[in-house]
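Below is a structure I'd like to ask you about.
When the chains are written out, they are named A, B and C in that same order, and each has its own residue count from 1.
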Amino acid sequence: MPTVFDVTTWTHSTNPSITCYTDIGALINDIIARIKQDQPNQASKPGAVIYIPPGDYPLKTRVTVDISYLTIKGSGHGFTSSSIRYNTADTSDWHEVWPGGSRIKVENTDGRSEAFLVSRTGDPRLSSVVFKEFCLDGVGFSPHQNSYRNGKFGIKVDTANDAFRIEGMGFVYLEHAVMVRDADALNISGNFMAECGSCIELVGSGQASKVTDNLIGAGYVGFSVFAEQHEGLLLAGNNIFPRGRSSVHFKNVNRSSITANRLHAFYPGMIDFEGVNKENLISGNHFRRDVEPWAPMQSYGNGKDDLYGLIHLRGDNNLVSTNLFAFNVAAGSVSPSGATPVIIRVESGDANHISNNRAVSNVAATRVLLSSTSTATKVLDSATASEFRADTQNHTFRATP
Amino acid sequence: MPTVFDVTTWTHSTNPSITCYTDIGALINDIIARIKQDQPNQASKPGAVIYIPPGDYPLKTRVTVDISYLTIKGSGHGFTSSSIRYNTADTSDWHEVWPGGSRIKVENTDGRSEAFLVSRTGDPRLSSVVFKEFCLDGVGFSPHQNSYRNGKFGIKVDTANDAFRIEGMGFVYLEHAVMVRDADALNISGNFMAECGSCIELVGSGQASKVTDNLIGAGYVGFSVFAEQHEGLLLAGNNIFPRGRSSVHFKNVNRSSITANRLHAFYPGMIDFEGVNKENLISGNHFRRDVEPWAPMQSYGNGKDDLYGLIHLRGDNNLVSTNLFAFNVAAGSVSPSGATPVIIRVESGDANHISNNRAVSNVAATRVLLSSTSTATKVLDSATASEFRADTQNHTFRATP
Amino acid sequence: MPTVFDVTTWTHSTNPSITCYTDIGALINDIIARIKQDQPNQASKPGAVIYIPPGDYPLKTRVTVDISYLTIKGSGHGFTSSSIRYNTADTSDWHEVWPGGSRIKVENTDGRSEAFLVSRTGDPRLSSVVFKEFCLDGVGFSPHQNSYRNGKFGIKVDTANDAFRIEGMGFVYLEHAVMVRDADALNISGNFMAECGSCIELVGSGQASKVTDNLIGAGYVGFSVFAEQHEGLLLAGNNIFPRGRSSVHFKNVNRSSITANRLHAFYPGMIDFEGVNKENLISGNHFRRDVEPWAPMQSYGNGKDDLYGLIHLRGDNNLVSTNLFAFNVAAGSVSPSGATPVIIRVESGDANHISNNRAVSNVAATRVLLSSTSTATKVLDSATASEFRADTQNHTFRATP
């Protein structure tokens, strides 16, 4: 009983005209049906591998994954910049114009928006589904190629799950690269996720998950990394580049870590906390904020101004320590005009702790700003007296000498 | 001369009734014998790959690896929670009940306790043995399924070794997932190791090794990560969840790092130092301690009380800095009853340095406690005056303002 | 149209006497020619995989990679120490004497110095070329086996590139393991790079790249990690062992991070900044400096003395924080004789920030030294008064209590 399937050699069970070159989605669904047929016994369902060799494969039909232990694997994340190409007048003499590797062109004609939907009801939760080393390419945005909109999802996991892995993948030109609901011990590592509306969206809830060692950069409309109601999420060792509306967005996330990452953005609100977020650690990160240098994108932004803070904290007992901020916005580009930009803004919450940070700025900047509703923040060695602003008396401040 | 072997297509050299479906251990031993026979020349022994496709494979006979450059590789770490299943009354309507992927059921009937024993005498040390992307499942514990005891080892490396890799593996329901003696430049990365008595045990001695980017959680009886007489071990980017008796246990370990990890535990002693441990770095970690929430495990513990400290230091010149601790134990559950829990306890040793830490607690807690035998500890910005306790005058203290 | 090629089964298109066992370089060039012939259409060039099973393969002819999306992949990084073997008098009873895995012996007889040259002119830049899990072995050095010289390059990328990956590889006995020019979003991760003159050299310029989770150790003649004119480079989670002339060398590098690494060296200048380097973050690292213990290498060094500093900073606004240094050089071995060794030396530049570091030393040592040309350095909690030396008045100092 085979458990390794190659999309290029699989014959569709009912309609041989469906191949990986006509509709890899329908073909993979057929393989999954066969795997289920081959593994009817509750006591032995080890799953399988579906292999996608390098090639260009259109996906017309959504794949639905509803078995545990399925690995879908290619040989090449295949990223290239579609954004540069779409913004180049003449590419007629280019060597190649599209992404490559094991490349699925997400072209749903089935009325669905997902290339891969992972979903199953009943018990147990789906476990150990793996996506590895292939390319999901949304091909184009609409109404224009710089909109980051097309409604397409690369991978959407819609029911609770355990021990999933998304590794070594490439994602490009999808409105949503990866959205995972209710994750437990999820691992997203070693991926190349760029030029997507949003890259990683961890929705619903989640725990004990890991986003590590990725290269990530969303569009101005979306999130590079979004997490909601997660506990114990570890974001470490990522290089997150522009131009997401934020680099990391937490919504009611508790006891999670953002450590040892490099973050680069063209807008304020690089780490953006929404709702109430408690006891999170932000340490050992490098933040670079400068101004959009590329003409095709200069008309876009995230709608936030420079008083918002590179870090915008809402919540209690968070620790922000040992980060380096490098702020570089020409005085004339600061918004609102004439404002003093803010590096760390404690917008709300109790007992946040800001210590041992260093911020470099080309203009006068408020290193730490405490809003009037924040309480009991401690700010130690993170700003000189003149770099600090508190709109409340309820705080502790030790100036950087 | 083939160097890639698939366990599902290999015919045993002397007894064709032995297959991967009757005893994958005996079969792999037969393949290794063939590799050795094919590579008799000292000057050209490149090794081989043994591939395990997704499937359920019983292992009755221990595998002995005594050649360098052998890769044993599957396609799926296959973790699912056996603990949840064993503690569920009726699983008759479950989709599946066992782990999957490339799953070896460790069922030794040969009187041995290891699935894989790696061992060779003579020179040089074994080099570059690789275990990758398969599942080692101990199937059950005894005398009951919550005991974490069955005597089984997933991988035991028993002689000095260099440049080994254990990557992308799954381990479940083994008393000892991975034990490695005398490691040099070992890499344990990207694994899923959970519901095992102990997950990683680095015994004997070792140097320049790396445990990075893993999801790890041992049982209450054992160690999530144990290291003995190591030098220059780097533990980084791991998400270590309950319920090991410790998250990281060092015994006479020097100049090693525990950085950028997320640690979660249900007991005190999350980082536990035994013997004399010198010049180690503990920084950028998130520690969460709360109380066992799951009924089947609530009768167990690690025998330590809340005075032991979440970090229990023994040794000299260690640096503990820029960690966030979130302690959450209801007052009535604190042990000993009425005690003030300790976050960082310097139990013994000279010149330890505790700086820039932040601890949140739902009850009054001693952030740093210096025992009477500790000497010359410096505690800076890690506790307010009332949060600090020194049972010795031989220390330096700068209170968090 | 196949896109997966196995070097052991490929027949050379014009000269069947060329095989992977006579010249894997010429054979791979022939496969690449075929891939290009098969993919003439600008709109569909997904690339391919070239697979190298475990084995010993001589490379006589340089491979030239000039297509995007090519993955060259083996099954085994195959590292063993050639240095130990070459320095062992009698290895006649050794089990094996050479590296293994998917091992390419770099033996160019074509007058070239590179095993793999990656280069293409025109647009776009090459994208997503991947080197994965094989061994590049330079076989020997000259004029003697401890010279680290043979002029050989493992991988040389000579034109601008995007989204490349070098993962899981082994490199040994090459003068230059990996040199990449003008990298964008390069990922070097999970490699074993040791006993090479230099391991990683990022030349020209670069941005948004990542060197993570590697085991690295160069020779005394070269660099473990060198980067030039990079922006936003993230070096995290690496275990960098001796004996490179430096562990990390930055030349005019800005806004990059060296975080959560373990560094071990036998010479001063472990992190060495050349030129002007701005706004870099060095945090959460462990530094161990001791004396060469191995007789065959004791006659070598990097020519720097102990006043040079374990960290030698040149540039502005860098943050050095929360590192642990363990200095161990017998008084009689300190150079210049009788000198007081330096841990962090700010050699030049403005507004560097040194905070919350801890250094342990077996001899009296200057923890932080500010040169006479440095300006406005702040040194906080990184040295006691007696451990600090400033050759300029232009600084701020808060002594470790």
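Just so we're on the same page, a contact is a pair of C-beta atoms (placed from the backbone, for glycine too) under 8 Å apart; a residue touches a chain by one contact, two chains touch by 3 or more.
All values derive from a computational prediction rather than experimental measurement.
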{"item": "Copies chain C and chain B - interface residue numbers shared by over half, same or different", "value": "different"}
{"item": "Rotation in the CA alignment of chain A with chain B, degrees, nearest 5", "value": "120"}
{"item": "Rounded Å distance, chain B centre to chain C centre (Cα mean)", "value": "29"}
{"item": "Chain B, residues touching no fewer than two other chains", "value": "213, 236-237, 259-260, 283-284, 322, 356"}
{"item": "Residues of chain C touching chain B in the complex", "value": "53-56, 75-81, 84-85, 88, 91, 93-103, 170, 190, 192, 194, 213, 215, 236-239, 241, 259-262, 264, 283-286, 288, 322-324, 326, 356, 358, 360, 381, 400-401"}
{"item": "Interfacial residue positions of chain B with respect to chain C in the complex", "value": "2-4, 42-49, 67-69, 71, 73, 120, 122-124, 127-128, 130, 162-163, 165, 167, 185, 187, 189, 208-210, 212-213, 232-234, 236-237, 255-257, 259-260, 279-281, 283-284, 317, 319, 321-322, 351, 353, 355-356, 378, 380, 396, 398"}
